[in-house]
Every structure is written in structure tokens, then in C-alpha cells.
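Below: the structure, in C-alpha cells.
Just so it is clear, A, B, C and D label the chains in written order, and each chain counts residues from 1 on its own.
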Amino acid sequence: MMGKHTKSFAGLLIMAVLLVCLAGSSLGAPSAAVVDQWEIPFLNCLTGPIASIGEYMAWSAHRAAYEINQKGGIKGKPVKIVDYDTGVSPEKAVEQMARIVNKSLVSLGPVPEACIMAAMPLAVRQGLFSMTASTTYEYSTQFFPWTLSWYPPTDKHLAPAAAAWAKEQPKMKKVIQFVEKWACWPSMADAHADGLASVGVETFTVEVPTDAVTFGPLVVRALAQKPDGFMFTCTSEKVAKIIIELEKYGWKDKSKILIFSSADDMPLYTTGRDSLNGCYIYAYFDGAKETPRWKTFKENYKKDHGGLDPTSLSTIYYDCVYMIKRAIEETDVTGDPKKLKAERIMIRDYIRNMQDFDGIQMAWSMKDGIPSDKGSFLFVIENGIKKCVTYVEAWK
Amino acid sequence: MEIFAAQLLNGLSLGSMYVLLVLGFNLMLLVAKIIQFAYPHLVVLSMYVCWGVLRHTDNMLLVVLASVASCIVVNVAIEPIFRLLAKRHGLDINVSFVVSMSMALLITDVMSHLLNYGYPIAFPTEWVGKSIFSSGLIAFSAGQAYALFGGIAAVAAFFYLLYRTRQGRVLRAISENSLLSSIIGIPIIKTRVLSYAIAGLLGGLTAVMFARLLGSASPGLGDFVGMKVVAASILAGLGNLKGGLVCGLLLGIAESMAIGYLAGSWSNAIAFMMMLVIMLIKPEGLFGIEA
Amino acid sequence: MSPVLYYFLSFTGINILMCWSLYLPYRVGQLHYLTVACMLASAYFSGFAAREWSWPFALIVVVGILIGILICLIPSFAIGDAPCFTVVIIGLTIIFILKTAVENSPALGGTIGFFGIPQVNHLLPLTYLLVVYAGAVIYRIDHSRLGRAASVVFVDKNTAAALGIDVKRLGMFFQVAAGALAGLAGTLYAFLIGGLFPEFFNLGVIGTLMCMLFAGGHTTMWGVIVSVPILEGMQLLLPSAIASWRQVIYALTLIVIVLVLPGGLVTKRMLLRLKGKVSGGISKCNN
Amino acid sequence: MTSDEAILSTMGLSKHFSGVKAITNLDVNVKRGRIHGLIGPNGAGKSTFFNLVSGLLPPTEGQIYLDSVNTTNLPAQAVARMGLARSFQAAMMMPDTVLENVMAGMYYYSGIDPIGTFLRRPRVFCAQEREIRQKAQEALDFVGMADSAHRWAGELVWVERQLVQIARALVLDPKLLLLDEPTSGMGLKETEELKGIIRHIRDTGVTIVLVSHDVSLVVDLCDWVTVINFGEKISEGSPKHIQSDPKVLEAYLGEEEQHA
């Protein structure tokens, strides 16, 4: 207790001294905060059918804020994540964005794609940098430079992942891809097909209806085309259900199944269970790799989620909060409402080209709003745990 | 041919689930004069109860009992709401639709907020069971067998109850003319509650069979199924029990065939288009509206 | 003006239009969800015409309304006097078909969505001008023979027919009028939001509109003027911990209001009472 | 045109509901200017007959002539616009004031298309509305409900509803008025009042067809009576003639036995 207080007091003292020095020398190096706390709004989907995704995204942002505050906050002031619920409704998204657009330095979200499309034009008009980290390049790029993407252009970075899988399965010639028509998934599916084509594998598409109740008919249809393998571009729950059906219809070779990154979510594992053993999946995050921060994150996540493991999607906004922390610390941002406009641009420009960001599991750099050296991992699922097979080089 | 047979089998097992749901839905429509849009959502809620009980016991009988009991209890518990509604609005089924739609929203949101952190629930693998019969593309799982034969048994029992027993006659009398029934001394309210209870019983059984057929459930399942149940009921002619039987089954088969044969992204739209044409030609439904 | 107020007022205006477009067919007892399909079609058309063809706003509004009318007119030949639930299902079906069509049209952005609809100056005053005009038209419909005829059809179709009312033609009229309102709402919506996504138009929209209509009162056009701002404003005022239960609050509000105040917050009778046009309710007969 | 000419006549009219014969081969002639009674025991097909004549149900067989025009397969609204007004046994009131309810009867008033009305200039529109309002008020005066014009229609008692319903039927100046059980649920005093009103309507030149199972009312009020049972005409003639017809007595006695 004592130590912590001393530490933060010492920190404050050093800060104050620094401030005096810097003010005197007017070097333009980081200046102190004028706000009492850093309020970061998070436009997130907390109601409706996909509220579970919003829940863990909010959880990770709050987790990051808690950690930062434990260690003295940003420039000595605590950070506070304020949740704004958008549901999946564009109308709510715009209204919530309107509440923060004139007062916030930077914001997190919005989360589902419908909300991004509705709310971002307003953010762009008012000049608010909003970190739509969980969405794909297609959506973010529409609003550059006022957004960023966690992912490089879809066609460029998905193709190598799919191709890497195909190289592991040399005898595979014909693959059926299950595609659900939602947001940018069709274009992700095209990227997969391109990647497979580059190593001589032909792809056929079977569409997954959004409101399907059973998947037997779909699997019969797919199997009737006598494919050598399957690739999935649909919601995690549906992936699991289709794999179970495939098993029912006698499909044995699980290594000839590849699941795309967006399905790397809890429902895949809770619904699919044993049937997933041997399936391939690619993602941008190797959960088996232990770092101290990741370990703590995982333990706390499990504690708050009835023992369920976090997935690669759950850390996105955790890293975002740390990015904001670094951007504020490394620039002149003070949080002064009078300088809001300029400081927003400072944060934006810093984050968009942040070098060697120390993420929860790995370091990477951003270039013009997209990661420049972030590759993907190809995994095999065994008893609900992803075992890394190979690392796929980043797109350049 | 092999594909066709496989799809037919898939369609039949799904259709038998729709039939059960449409039956319960129509029963409340006929006797209580309400559109219970939230009925499929209640069934999904019972699936969650099944799942909860399964975590503590493997006893099949207990699970079925819990599912049936919960569905009956919840269904009977909401009866007073609709009774009060009828008292306020007369027998305005439009308003009952509005209210039940809100109930559906309520149930979905409670499930996605409170139960299993909003994640889909999964039933033990042995519940769905491996294929009990498999030949080429034709495969038949234990879950499908439960759905199909359980469905047939439940429907048979339901029609026996309705057409061969005294209680069934009472229910039918009320559905035909509730005013006259009350004059000749049939206890209207008691019988209405009975109809909710029977629908709850059917719902509880459906939940168990659904769990075995699908192997999992999610908060959004009620909405997916709900629309189809209402559509089947309307397509048959609102409240037409036998028509509902046919249309429920046909819907299951049509859905399987559409996914199995029609061009990818348009399969559901084509199915909807056919329904639209039928509705435009015969707005009262294929079999006509009953009482 | 602060963005919060701007968007609050804009969405209130658009939602009032949409609620009215549900209110009109409900005058003859039909829940006409087809209006959401009109909104979808006219929103996409407006976005496309503004971005690709650079049409002027006024022209887009007119054509947007015409599109709404057309989408309601064609089915109305079959469902002008159809039972309520046939209308419901046909509405939902057409929404679904239109959505599928949009998702499969690369020109409309497909499943990704349609970006970059240009801004229009003075959208808010224009919106309210159109809302007031639409309100005046609806007021006149309500206070003419059409409105009275609709009330009779709502109560009993046979009585209406015996009074010489062509139930089907009247239903068609109200459906088409609803289509025009929804077309207008769709155009305004597209320009307000600036980007469209097929998932915008889903069951949730219908649920919200129904809640607004029935909580406000479906017996008079004034009900939604009270309920829409309240329900729109609620989520802005509630703390986020409670706001995430918004759907539940909406649903409960609706159920309670429908049970306790059958006609909604504002009823025709209440308004007539205020104006002194209806006398107290003691019967002069004693039997 | 003589006053004896039939304003309404049916020839061989039949209606079957999925095999059940509600009306069989019925010939009825209603002479102009009369109060024509239609009586029969419960389930005799009286209401079905009204529904057929007013166009709410299509007949299975036979022809209907209204004022020498064949209206057999015309829809109800067309028949209504030709001058046939009717009341229902259960009077449905819309949730509004009594006056508005009566005004609702003037949908096709003076033949103007209401949708056209809606498009008129405000001044013309208001003038028309005033006229409609005035006419409705007069009709309420006629049935003795003038004081109730601004009451809420939902609060009217059964008897008052019948009167409002009649006023609503009268505003369009019908040639023929069909009254379905107008006195059901009424006490002696109200029945007498209603009798006066019906006679008064007849005196203004409107022909009336009255359905009732109340024999004494029909005998007292009507100029001519048709008796039907099981969908068939069993007797016809002046009230005196009917009272002594053994077939009629049998039909009614038979019914009483059933009740007992």
C-alpha cells in the first residue's frame, strides 16, 4: 500500500518537475494533462442477439483501463471507459455518436458494421478519430483517416492463410466454401478462393442462409458435389453445426476443413466440441503463446466468464486502450477542451503510424491506419485448444 | 434420387418440429383467440431449462419433466395477461400480436443478457446421437428419429385428445362459439387455461425434441422459428389445425428442398416468393380460416 | 445546434413519419409492415440517385415517394381487404425479398453496404416541413369521410359494406398513402445517415415502430407525437447500464400501456374531451 | 310506378353452407311503401336472407332484384349505394361520438367520390362536412337521440345503439330499409317507441323489411308477413292470415317443444 502511494506520489512529483522544465524550455515534448480523468467513450453493441460479443469487447476495454489505472493512469490521470449502447441499430449508433462527437478526444467502436456505416460519417464530419478495430479493412477504409483497421486489405492477407492450409493438404483439388452473406464476408470468401486458386485448388460456394434452423440439407448439397475439403466463411455457431452435420454424413478427414478467423469465437468451441478435433483454423493471435500480460488477462477473463476461455476477438479493444495511452503520452495531448480539434488530429496521426506497438501478445507497427507487419497463424484444433501449425508471413 | 431422399428425410424431421409448434400456436389461437407470436420463444426458453437441468443430472425423465413443467408454468403464467388484454380490448387478435411480439423481444433479450453470457447453449453430443442409419448421402441420426417419431406420437395424442375426449369436445366447442359455450355452461376461463397448459405441454415436448434434433440453441433461435411458424399458420389459414399440420410439414420439406436444390443466395427468397404468390391469390390461406 | 439535439430531432421526425405510415393502414385494421420495405427501397434509391446521378434533393424526394407508392400499390390490388395477418406476412416477405435483392446487387454495395451519400443542407427544417405537411394531410384524411369510413371498417367490415363503403378500395387508399409516407421517410433517412446497410431494415425496426405507435395511441394521429420523442429521448437520458436493457424496457412499456391504457397514452376520446366535444358518460336510460 | 310494385323480389333464392341448406328456393316479394315482416323460429334462415339480399353473402342459386335491377352478385357496397340500408342485430359502433357514427353513414353522400372530396379545396371541403354534420344531426333528431349527439358511442346501451344504427342507415335516404331484430333486448316502453319510429320512417316513403322472432311485434306493426322455417317459406299473407295458419302454429309450437 505504502509503496504504491509513494510510487504514484513520486510519479506526480517527477511529472510536475518535468512540466516546469518543459514549460521553461518549451521544447514541445509531452505536456501534462489538464483533465481530471481521461474519458474514452466506447460505442458498443450491448443489447440484442449479438450482445455476447459486445459484452466481452467491453470487458477487455475495461480490463485495460483497470490495469492502466493500477499503474498510475495516463499522464497521472485515471482513464475511464464509458459505454454507449448502440444495439445493432444504426439509428441508436448515430444518436450515441452525436452525444460524444463534440467532446471526446478519441473513441472506441462502433462495433457492428451497421453501426459503423451509420455513425462514422458523423464522426468524419466532426473530426473524431474512432477506432473501429474489430471490423475489416473494407469498412474502415471508407472513413480513412478517421478510422483504423486491425487488418490489412482482405484480399491480400486472407489469401496467403488459405493457401498455407492448402499446401498442408497436397491431394486436395476441390473445396466447397460455406459462405454466409453478411457484411464483408462475401469478399472475404472471394479472398479465400483466390488464395486456394493460387495453389491450384478449385473452390465452389454453398450459401448458408442466415435464418437456417438445421443444416442437414446444406451438407447433403455440399457432399453431392464430391469435394475434397471444406472452407468456412460463416458465423461461429453455424460453422460448428455444419461440421457436426458433416460428421453425421460420414466425413472423417477433419484436416481438410478450414475455418476463417471471424469464427474464432466462443460459440464455435462450445457448440462444436469434439467434432472440431483436427479442423484447421486461421487467426491473428496465438493464444497458446504465454506472455505475462496475456496470462493475467486470460485468468481474469475466465474468472468473469464462468471458466470460458477468451478468443482472439476478445483482446482487440484491450490493445486499443493501450494504443490510446501511448498516443496521449507520446504527444502533446492535454485533454484541454479548447485544443480539442488539434489534439484529436495529433492522436489520430500518431496512432495511424504507431511504430512497434507493444500489444498484449506481440508487437507490431501501423502504417496509414493498417498494420504493416502482422501475419496470421494457422492452427489445428485439438480438444478446444488451438495448436499453431505455421505462421503465415504478413502482407507487404 | 439419393439426394432427393436425403433431403426429404431432413425436411420431414424439421417439418415435424414445425408441425408441433404450429399446433400449439393454433390451439391458443382457436381457444384463447390470441396470436401467441412468442410461443416458439417460450419453447427455446424451455430448451435452456433442459440445458440447465442436464448440467446437474443425466436422468432423461427428469429433463423431460423439467422442460414440460417449465413450459406449462410459463405459458399458464402469461394467460392472465392475455385475459386482461381481452377484457380491455375485446377479442382483438391484432393487439395480442403486438403484445406477444413484445414478449418475444423480452424473452430473446433476457436470454442474450442473462443466460450463459448470451452464448449459444450446446446439448451433450450423445443427445443428438450418431447416425443410426447411414448409406451414401442418406443419414439418419438418433436426434432426427426422436424428432420425427416423437412428433408423430405427439400429434396423434393431440388429435386424440381433441376429437376423442370430453375435454377435447369442450375445447372445440369454445373455439367455435365461446358465447354459446358459456351459455350452455362450459367454464370458459378454465378451458382457456387448459388450452394454454396443453400448448405448454406440447411446447415442453417440442423443446426436448428440438434439443435432440439441433444439438444446440441460441437466443436468436426463437425469432428464426417464430416467423416460420406464423407463416405456416397463416399459409394454412389462421387456426386451421389440420391445415397447419400439412403446411408445417410442407414448410419443413420446402425449406430443405430450397436449400438443397435452388441457386444459393436466392433459395430462401424463392421460397418466400412462392409463399407470397399463394398469399396474394388466396389471402385466407390454403385451407381457409377457422372460426 | 448540438449534434445530439440535431439527430434526436431528425430521427424523431422520421420516426413520426414511419409511425404515421403504420397508423394509416391500422385505421382499417391492417398491420402494414410493407411500409418498411418501401422505406428500404426508397432509401436505397435516394442514396443511389444522389451519389451516382447527382439528382437534386427535391426530385429525389418526389421519386422516393413515388417508389413507396408503387411498392404499396401493386400488392394492394390483392391485399386491400385482406385479413390483418395476411398483410403482416406479405409485408415481411417483401421486406425479405427486397433485402435479398439489395444483397445481390453490387451496384448497391451488396452485403457491404452503400457508402458516401452526399449531405443536404438544411435537412432538419426540410424534414419538419415535410412532417408538418404530412400531418396536415393525415389530419384531413382523419376528419373526412375517409377517416370515418376507416373507423367503421376497423370495427366491422360487414357494417362498413352495408354503409356503401368499398372496403377493398378504402384499404388500398390507406395502404398507398402509407407507402407514400414511408417513401418520404426512407429518402430522409438515407440523407440523414449517409450510408445504408441491408441489415438496417429488420424485425427490430418494426418492433420499435410498433412500440411507438401502440404506446402513443393508435386511435389518433397525435399519439405518436407524444410517444416518439419520449422513447427516442429515453435512451439518451438513461445511464448506459440501464440503457443496455432498453429492448426489455420498450417491451415492458408496451405491454403495460396496452394493458392499462388500452388506446395508448393519447386517445381520440381524451382529445375530444379536451376540446369539449364529447359529453360525460351517464346513460339516460335506466335499464 | 305504382305503389304496389315490388321494390325487392327474390326468385328461387338458395344458400348452402358446405352442404347445410340455410335457404332453399325462397321467393319473396316486398311491395313498395310497406312494412314487410319476416318471421320464423331460431335458425330459420332470416339473417342469412338479409345477408344475401344486402350482398354480404353470394347466393348459391336464384336471383335478387332491387327496384327491378338484378343485384344478385353485386357486392354489398354496390347494393347499399343503390338505396338499400340495413341494421344489424348486434349494432357495431366505432369508437367516437354518436354524431360521428351517424356521419359515417354518409360515405357516398350525393354520389361524390370520397377520395375526390379529400382532394378538394378547404372551403368546399368544409362546406361539405357541415352539410354532412347537419344531416346526421337531423337523422338523430328523427330517432329521438338528438341529445346524445356528443356522447361517446361506446357507452350507449343496447337500445340506444339500435336507434343510432337506424339513424346511420337513414342518412343516405334509402329506398329500402332492412331491420334485423330491432327490438331484441328492449322493454315494453322502448319497443313502443321504436314501433312509432318505424311507422314514421315508413310514412316518409321508405319501404321496410323487418326480421323478428317476436310474433306480436310483427303482427302489430307489419302490413304483410312472410313466415319461413328451415330456410323455406311456409306461409305468407296479412298478419291476421298468418296468425291462423296451422303451419305457422306448428312451426312455433314445435320450437317451444324443443325448448322445453
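Here, a contact is a pair of C-beta atoms (placed from the backbone, for glycine too) under 8 Å apart; a residue touches a chain by one contact, two chains touch by 3 or more.
The structure displayed is predicted, hence computed values, not measured ones.
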item	value
Farthest-lying chain, centroid of Cα atoms versus that of chain D	A
Between chain C and chain B, distance of the C-alpha-averaged centres to the nearest whole Å	30
Centre-to-centre distance between chain B and chain A (centres being mean Cα positions), rounded to whole Å	38
Centroid distance [mean C-alpha coordinates] between chain D and chain A, Å	73
Distance between the centres, which are taken as Cα means, of chain C and chain A, whole angstrom	37
Overlap residues in chain C, where contacts from two or more other chains coincide	103, 244-245, 247
Sequence positions of chain D contacting 2 or more other chains	none
Junction residues of chain A, two or more chains touched	47-48, 51, 181
Full enumeration of touching chain pairs	A-B, A-C, B-C, C-D
Touching residues on chain A, where the partner in the complex is chain B	47-52, 55, 181, 205-207, 209, 211-214, 216-218, 220-221, 223-224, 237, 240-241, 244, 248-250, 266-267, 270-271, 273-275, 305-306, 308
Complex contact set, residues of chain C against chain D	140-141, 143-146, 148-149, 151-152, 154-156, 158-167, 173, 219, 263, 268-269, 272, 277-279, 281, 283-285, 287
In the complex, chain C residues that touch chain B	26, 29, 31, 75, 78-79, 82-86, 88-90, 92-94, 96-97, 100-101, 103-104, 203, 207, 210-211, 214, 244-245, 247-248, 250-252, 254-255, 258-259, 262
Chain A-touching residues of chain B, taken from the complex the two chains share	3, 6-7, 10-11, 13-14, 108-109, 112-113, 116-122, 125, 128, 130-131, 134, 137, 139, 141, 144, 213-216, 218-221, 223-225, 227-228, 255-257, 259-261, 264-265, 267-268
Interface residues, chain B side, partner chain C - complex	35, 81, 84-85, 88-89, 93-95, 97-99, 101-103, 105-106, 108-110, 113, 223, 227, 230-231, 234-235, 238, 265-266, 268-269, 272-273, 275-276, 279-281, 283-285, 289
